[in-house]
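Look at the two complexes coming up: chain A is in both, with chain B in one and chain C in the other.
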Partner chain A sequence: MGKLHISVSPHLHSGRSTQGIMRDVVFSLLPATAAGIALFGLSAVWVVLTCVFTAVLSEALFNFIIKKEQTVGDWSAVVTGLLLALNLPANIPLWQAVIGTVFAIVIVKCFFGGIGCNVVNPAITGRVFMLIAFGSMAQAAFPVDSTAAATPLVQLGEGTVPDLLELFLGKCGGSIGETSVLALLIGFIYLLVRKVISWHLPVVYIGTVFLFTFAVQGDLTVALAYILSGGLFLGAIFMATDYVTSPATPAGKLIFGLGAGIITVLIRLWGNYPEGVSFAILLMNILNPYIEAWTPRKVFGGKKA
Partner chain B sequence: MAFSLHGVHVPHRKNTADTAAVPMAAPKTVTIPLGMHIGTPAVPAVKVGDHVDVGTLIAEQNGGISSPVHASISGTVKAITSQLQANGQKVAAIVIESDGANTPDPAIAPPTVTNREELVDAIRRSGIVGLGGAGFPTYVKFNADPEQVDELVINGAECEPYITSDSLTMTERAEDMAYALKALETYLGIKKVIIGIENNKKNAIARMKELEKEDPHVKVVTLPAVYPQGGEKVLVYHTTGKVIPAGKLPLDVGCIVCNCTTLASIGSYLKTGMPLVEKCITVDGSAVKEPKNVIVPIGTSMEEVFAFCGGFKEEPGKVLYGGPMMGVAVPDLSAPVMKNTNAILAFDQKDAAPAKETACIRCGACYNHCPFGINPSAIERAYKAGDTASMEKWGVDTCMECGCCAFVCPASRPLVQTNKLAKAALKAARAAEKEAEK
Partner chain C sequence: MQKNSNLSVLVKGLLLENPVFVLVLGTCPTLATTQTVIGAFAMGLAAMAVLICSNVVISLLRKVIPDTVRIPCYIVIIAGFVTIVQMFMHAYLPELYDLLGVYLALITVNCIILGRAEMFASKNSVARSALDGVGMGLGFTLALLSMAVIREVFGAGSFAGIAIPFIKDHTIDILTQAPGGLLVYGLLIFAVTALTHGKAPKKKSFGCEGCPSAGNCMSCTGKEEN
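Now for the complex of A and B:
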């Protein structure tokens, strides 16, 4: 008779795996990816492929060089590459996309110890890095059949309110994956159904932006246009909810969402950039350890936390 | 009670539900460990060569928290050996060779119980310990000051996958349970009895509801089938709303918790005087040919019980005492069925294969699913850093090792194992601190 295996309980597992979760995130981004390709054409395909390919390759190479166990099979590099691509305009020079992706994967993720160890979200930080290094986001792309000359946030800044339905469907200028709120919502529902994320953070984040904008602007249509514009849904649903860089408890998620919402509006309405989502999330990433320390769950039967 | 505690939905796999228990004939030999309970092991009261009958006392209780042990078959004491237990401790065990007659000890007669002391002493002499798995000597619990006890909570949750032996107790031994309850109510003055059952046990609930009708003190509470509903603190909270503080016992909030099979065993002892010598256990798992509930003489080796259930479909890769969430893996099949064994499970190689550990992705699933709000991933980091203050802050002392955290962890981290190690490290650090103060 063979040896019996001995281990500490439990001897049963739910079957959830990191790989499964990351794959779910990729699936949830497919509607937005498809919408981006439909809107911006073939150039979007190239950006997506470049980023995903570069992300996987640079993580694999990094692990190979430092002789670490290979981790690309967990799909997290695919998530980062895809997310970054969806945050870029379709007309971005591909060499810039490559550099931004390498920065996100190697500097922000691998240097800090790989999955689970990064301090800030790799895709967001990659985007901000590119914004500063190349001014990339200034050159927004526009849908193939669009005649608009400015992104919705720029238009709003100038006092023009874009058509809400067009914003919802994504027929406006912006980065590949951010414009179609409809596609992003489909992905959100998928993530909720698969229990990959909870509703707290995105809902509070978007809700805060809406209420704050409404309080300042005093107009419902304008406030709605503001939340449907720019990278808010993409950021709130897919980037702010990154496990490592956002709080674990519902209370923490509410605070994170509230903070990110306030910062986003401050930058949008009074800052130098038309969009503030990336900066807001990055800043909250940095505050995250403090939020987590303030919002512990109460231990059952323990002293009041 | 404001909120239900968190938990996880485990697969039920109650393959043996509502099938009658099959008695197993006495095996050729039994090996009865003397440490089948929490506390000091019993001391042998027989010598090699002595003849014993079913129910003969073979080892005396030793000290305040201990329990006597009785022969489960009739025959001759062959040896007094020592056995390595699953917890790593060596404990004496008495080996009895059967004479094939299975004669009950002629001295066995129902105990005379006319007052509280006699009842507690009868429970002590019965050798009954917590049969849900804990193995705490039952008489110690009932030896409480009656003034202090508000309610008796009967644990019929049976939240572990596979196990159905407690449900079977509730459907088939309800009379024994009622008999024990009458005695406890009469002599211990217990006025409120709550039977907590998970809602997936329809027959047990129905039978217990009849008991509720017959006995005005009894209330049946149906609980959602969320693991670990049968955890002592979880059950007390969900049935009474009372929070047992960290490091305290149910009695500190006026509760006695007693497993339903323990209760039934008290009833049958009071009726017959036959001490605890056999156990109804669930035999199941992916490697077992014919899963069933079997009534087994205590001390029978697992090997013989599995053989009684048709043997194995394929060579097992892992064998457990108890359920898959909290059960203990054994090194080989010579391990005997003990008083507190409620199931033995054997899993095929595929189920036994250890999961591959990967890096923690900080998803918070362990934290958010912990019934007690403990943060296992933070404790793991603190343990690796040797940071005992953080281990304490994140609640490692309160951990009941239910396994919800490790069950949900997508990185398959061994969180329960780390919690055990962290508890030990914290204890050592506290002891060292005390030492330094002296």
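Now for the complex of A and C:
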């Protein structure tokens, strides 16, 4: 006999579970993972396996040690590990990947109370931590057959515009999962079809980056190259849309996307770091409670505001 | 161990009422001088010397100092000893003097020293105040050292300036920077809380007494502010 649950209304249940949603996110990341492995070779496989394995193990161990209910079965640790791996260059030493993953899972997620309670996205914070912690993060890996010596964003900063088709397919330097925009878009469409995320945040985010860059640079090709480079699509589609750390209402998502887009361009064009996506999402994560307060959800059946 | 025995006065600063990890006082030098083991050790010793001397003098004068101007009086006494330590180091240990820089002078406003003057020395006998100074000073030094060891060994791959093979090729640079310092600090508070679980004083039990500005705070004394 099942346990009798007593709870307040509403009692309707959509039938969706955390587990199901997280599994959908993992599926949607598979094209990008496959593209990363195809581009960067076997070393990418090791990074992905290391991160996912470490993420699951550290969450399980943490829950075991503090005698908390085991939450590893909800797949969210797999998502965090996989996302973090896709944000790392393929040539990163594996021990650094392990430390970054443990930081993301234990300090960013578990210390704050586990899934649903973390104030910032674990994967993005893990990446920012590693960016500051390890010098090797700055040296991007390059595809096996690539002749380029700099990442697209560095090239753009120096005034050369990379080939747009190569950027779209991902034949350029960068992290494992960020280079192939095509693979990321396949994942995006899957998430939209499965109704895991809505289109608002990614579209506004990428649109803001495009328009802002176009306004500053005044060249359509350059602006297109800017949005196709770096981790923008990976960040906008998979990390900015994290349920826990992004607004729930469409209006809130617009504000989040707009803010993240502006910060990203500011860092890219005038900042010290070539890429600003992870910092932008992290900063907007921190602002998220305020955005949520400005854009309250309308209660079904409630009075008109 | 009796709660108020002389031994407990000495020992409580080490762990149960560690000034850095339990009372969370003196966080500024804790974060600023723990990049290197040598710097942390020197800072701990310098602060301990000032703490013992100021505790003794303040305890001696505790019946002379008028209640209303006690904080300025404490500061003058503390600043006097800090100047002595500073001049001493400048003369005999110039390298350490350069290493600690402005943080040496800032011992004057170190919360631990003012806090112990307010919480302990102004209410206890000279001998007990001296013991408290030794205990708290050792606790402070121990806390700084434990942080510095973690930060220098894993952040810079060396111990007291001597490079450690293997680890020096696998350093985590962030630990030597400010965010890493906060991170290590937080984790160590976590570790100490876990170690002393149930024994460390609860916020309530040292309540207003633990607050350096308790005497001026209306909610604690019930006195009207004048």
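As a convention for this text, the second predicted complex is superposed on the first by the 282 of 305 C-alpha atoms of A that agree within 3 Å, B and C clash if a C-alpha of one lies under 4 Å from a C-alpha of the other, contacts with A are read in each partner's own complex, and residues count from 1 in each chain.
Just so we're on the same page, contacts are C-beta pairs under 8 Å (C-beta built on N, C-alpha and C of every residue); 3 or more make two chains touch, one makes a residue touch a chain.
As the structure is a prediction and not an experimental result, all values here were calculated from the model.
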Partner, of chain C and chain B, that touches more residues belonging to chain A: B
Touching partner for A:V244 - first (chain B), second (chain C), both, neither: first
Contacts of A:G218 with chain B and chain C, given as first, second, both or neither: neither
Touched partner set for A:G20, first chain B, second chain C, both or neither: first
Which superposed partner A:I99 touches (first chain B, second chain C, both, neither): second
Chain B versus chain C as contact partner of A:G159, first or second or both or neither: neither
Which of chain B and chain C A:A133 touches, first, second, both or neither: second
Shared chain A contacts, counted only where both chain B and chain C touch the same residue: none
Interface residues, chain A side, partner chain B - complex: 1-2, 4-14, 16-18, 20-21, 71, 74, 76, 114-117, 243-244, 247-249, 296-302
Residue numbers on chain B that touch chain A, as the complex places them: 5, 8, 10-11, 161, 233, 237, 243-246, 248, 315-320, 324-333, 347, 352-355, 358-365, 367-368, 370-375, 394-395, 398, 401, 403, 406-412, 414, 416-417, 420
Residue ranges of chain C touching chain A (in the complex, touch as defined): 170, 172-175, 177, 179-180, 183
Residues of chain A touching chain C in the complex: 93, 95, 99, 107, 129, 132-135
